[in-house]
Amino acid sequence: MADNSTDFSVENQEKLKKLMAHYRCAIMEIETKFRVLDEEFSLRHDRNPISSVSTRLKSHESLIEKMKRKGLAVTAENIENNINDVAGVRVVCPFTDDVYVLAKALTRQNDIDVIRIKDYIENPKENGYRSLHIIVAVPIFLADETRKMRVEVQLRTIAMDFWASLEHQLRYKKEIQNEEISGELKSCAEISADLDRRMNSLRNSIIQ
Amino acid sequence: MADNSTDFSVENQEKLKKLMAHYRCAIMEIETKFRVLDEEFSLRHDRNPISSVSTRLKSHESLIEKMKRKGLAVTAENIENNINDVAGVRVVCPFTDDVYVLAKALTRQNDIDVIRIKDYIENPKENGYRSLHIIVAVPIFLADETRKMRVEVQLRTIAMDFWASLEHQLRYKKEIQNEEISGELKSCAEISADLDRRMNSLRNSIIQ
Amino acid sequence: MADNSTDFSVENQEKLKKLMAHYRCAIMEIETKFRVLDEEFSLRHDRNPISSVSTRLKSHESLIEKMKRKGLAVTAENIENNINDVAGVRVVCPFTDDVYVLAKALTRQNDIDVIRIKDYIENPKENGYRSLHIIVAVPIFLADETRKMRVEVQLRTIAMDFWASLEHQLRYKKEIQNEEISGELKSCAEISADLDRRMNSLRNSIIQ
Amino acid sequence: MADNSTDFSVENQEKLKKLMAHYRCAIMEIETKFRVLDEEFSLRHDRNPISSVSTRLKSHESLIEKMKRKGLAVTAENIENNINDVAGVRVVCPFTDDVYVLAKALTRQNDIDVIRIKDYIENPKENGYRSLHIIVAVPIFLADETRKMRVEVQLRTIAMDFWASLEHQLRYKKEIQNEEISGELKSCAEISADLDRRMNSLRNSIIQ
């Protein structure tokens, strides 16, 4: 199947390089939007709703692998049209309420298109994973044109983030198949969710 | 004169704090625009047109002083309507051509309003100062609204920047009135401008 | 009491400014020690034992207040001899084991003097606070001399850090005197400690 | 010649990875020393003697190439004993005097061994290149031991740095063989050196 092969032509490689640069720009735009919101909210509430922001760009290797699984040629056009999470921004917040406040403020901005929202906080994954995932398209201002690029934004609390990073480390060890361990991991996710709810209430009981 | 007094009411102080937060946001937006342009140009030409970006917010003290000189009360409204350089972004480039390429790319963006351009490279100040100054208005995306804020963008080469920082240090020493020193300073500005032209030509002779 | 007054002489102010600069240098040295340890451990275990490092320098105001409480004049000599936490470095780790591994690696370095260790993880404070506090003296290399400066190092897990920051916010609200709230806060500290233990075990069960 | 081959054994690869981590640590230590000196001098003179610090680690590829040229096997031991510039720190200063003040302050520190000094400011290279190069050995504090690692420190003025980066870009273009261009480049180096001397004098005439 011709479409499934990698196109090593100089032209395609140049286009891919350019596409990745555009995704890097989109990441910067989203980061700036959150820095602006953090500035605004910290002024209003004397407290920062954002604990940290980190970003990642899908590696060339995992892009190729993902395109192969989809049976598509690795071209700039195919990547842009078929993959939503080439660019990723992760926003970690102290409290669950912060997650939703930021999500609402981002998605209502009039230069942002919301492609899809998945709320794994309301409906955690089977293994216990919680986070709010939002795919958006954001404009980037290049020298000669303005383009809209897709970015996957993940919002979560500090506790969700810590759990997810442990789960991620364990996933790449064989022993995770072990039922005892995956059970304990899920149980930790539940305690962690409960703790988040109680800390969130504690804070609210005092702020109001 | 009532208008000329400082208004220490809580309401006015709150408005001023908010205004300054909005200027900080505007600075972030402009910085991001230059980071995006740097990303794009470095891809095209395998070379970064930006050597460094620095930012500054006018201090409360110098805002008060400036408003007094203008005979205006220090209110958020008056500051926003009468002062163009509350927020400042300085972009330092290796070559003179980079300065103009970036200026053109910024000013043609459709979300940017250009308020004023002063080209002190083409027409240096009497003391030898060179730089390109552009006042723009840039949108900032807050939680509930989008506002346009003014920012003064200064673009200059590394050599112009070095000269300007020496001149700035000397200005606050009395001895600068000394004619010998101000003559030597101006002479250094001219050598520096000549060097910029020759380095710029050298690079161009090879790139083409 | 003469000793209790603030000495506004230029000489004393100069000495205070210099002292604070030296504390800033001590903070840099300790930060670098942790960045080096993070580099080394991440190589050995393919995982970073440090989640974040933050630093703080006691403000002039709180130094003056603390000296007054001690009935001492605010001189550089008195501050250096009587206050251990002018300079503070906080190291946040994913797991409890990381806290102790880093503490051991720091305190055994031969250029470090350990002044005091308080283990609030083993023995939490009455309100539920947990952290490992270590006062060390670290050499700073100035242009003409080498001096040893004291720094308070606080090591804690992500969960301890989140709890502590909520407790800190609440402490400055009157309602914290409310017994219901302080009881709930303490209960959250215990759940959080339990979660830390289980996550730590989970990780260890797999690493070995 | 057996020694000249690359040793791909797991053991050797592990040692190489560890060696590179140690060089990264050495870079951090040297960076911190300069940040401390910058802090100290800016206090004394109300002016920062350091404009920027950048660092680099020799890539695996260029290490292999360099070892081949020397006819040596690519082992950790051989690299450590035979290459002085695996780790590099570049310090850019406004004025020529700053270069020498910092160099003196670094080299007299009692934990630093000075391996070699090459003064290309006093004696520029044939093509016009100016900089002060110092090879030092600096202790790094690991969890279980203290080691001394070599670092190449390059100190130069802003003007020297700009010239060097243009020269570096041109070197990789064929046309640089062109005598006209290399003559013009050298002539720019001389104007630049003259400008440095005049700016340095201007500043001194006022500071004293």
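To keep things simple, chains are lettered A, B, C and D as they appear, and every chain counts its residues starting from 1.
One rule holds in what follows: a residue touches a chain if its C-beta (ideal position, glycine included) is under 8 Å from a C-beta of that chain, and two chains touch if they have at least 3 such contacts.
Since the structure is predicted, the reported quantities are computational estimates derived from the model, not experimental observations.
Rounded to whole angstrom, the centroid-to-centroid distance between chain B and chain C, based on C-alpha atoms, equals 39 Å. The distance from the centre of chain C to the centre of chain D, with each centre set as the mean of the Cα atoms, comes to 35 Å.
Computed centre separation for the pair chain B/chain D is 32 angstrom, with centres defined by C-alpha atoms. Counting only residues that touch two or more partner chains, chain D has none.
Taken pairwise by the contact criterion, the protein chains form one closed cycle in which every chain touches exactly two others.
Every pair of chains meeting the touch criterion is listed here: A-B, A-C, B-D, C-D. The residues of chain C lying in touch with chain A in their complex are 47, 52, 94, 158-159, 162-163, 165-166, 169-170, 173, 175-176, 181, 184-185, 187-188, 191-192, 194-195, 198-199, 202-203, 205-206.
Across the interface of their complex, chain A is touched by residues 17-18, 21, 24-25, 28-29, 31-33, 35-37, 39-41, 43, 101, 104-105, 109-111, 140-144, 146 of chain B.
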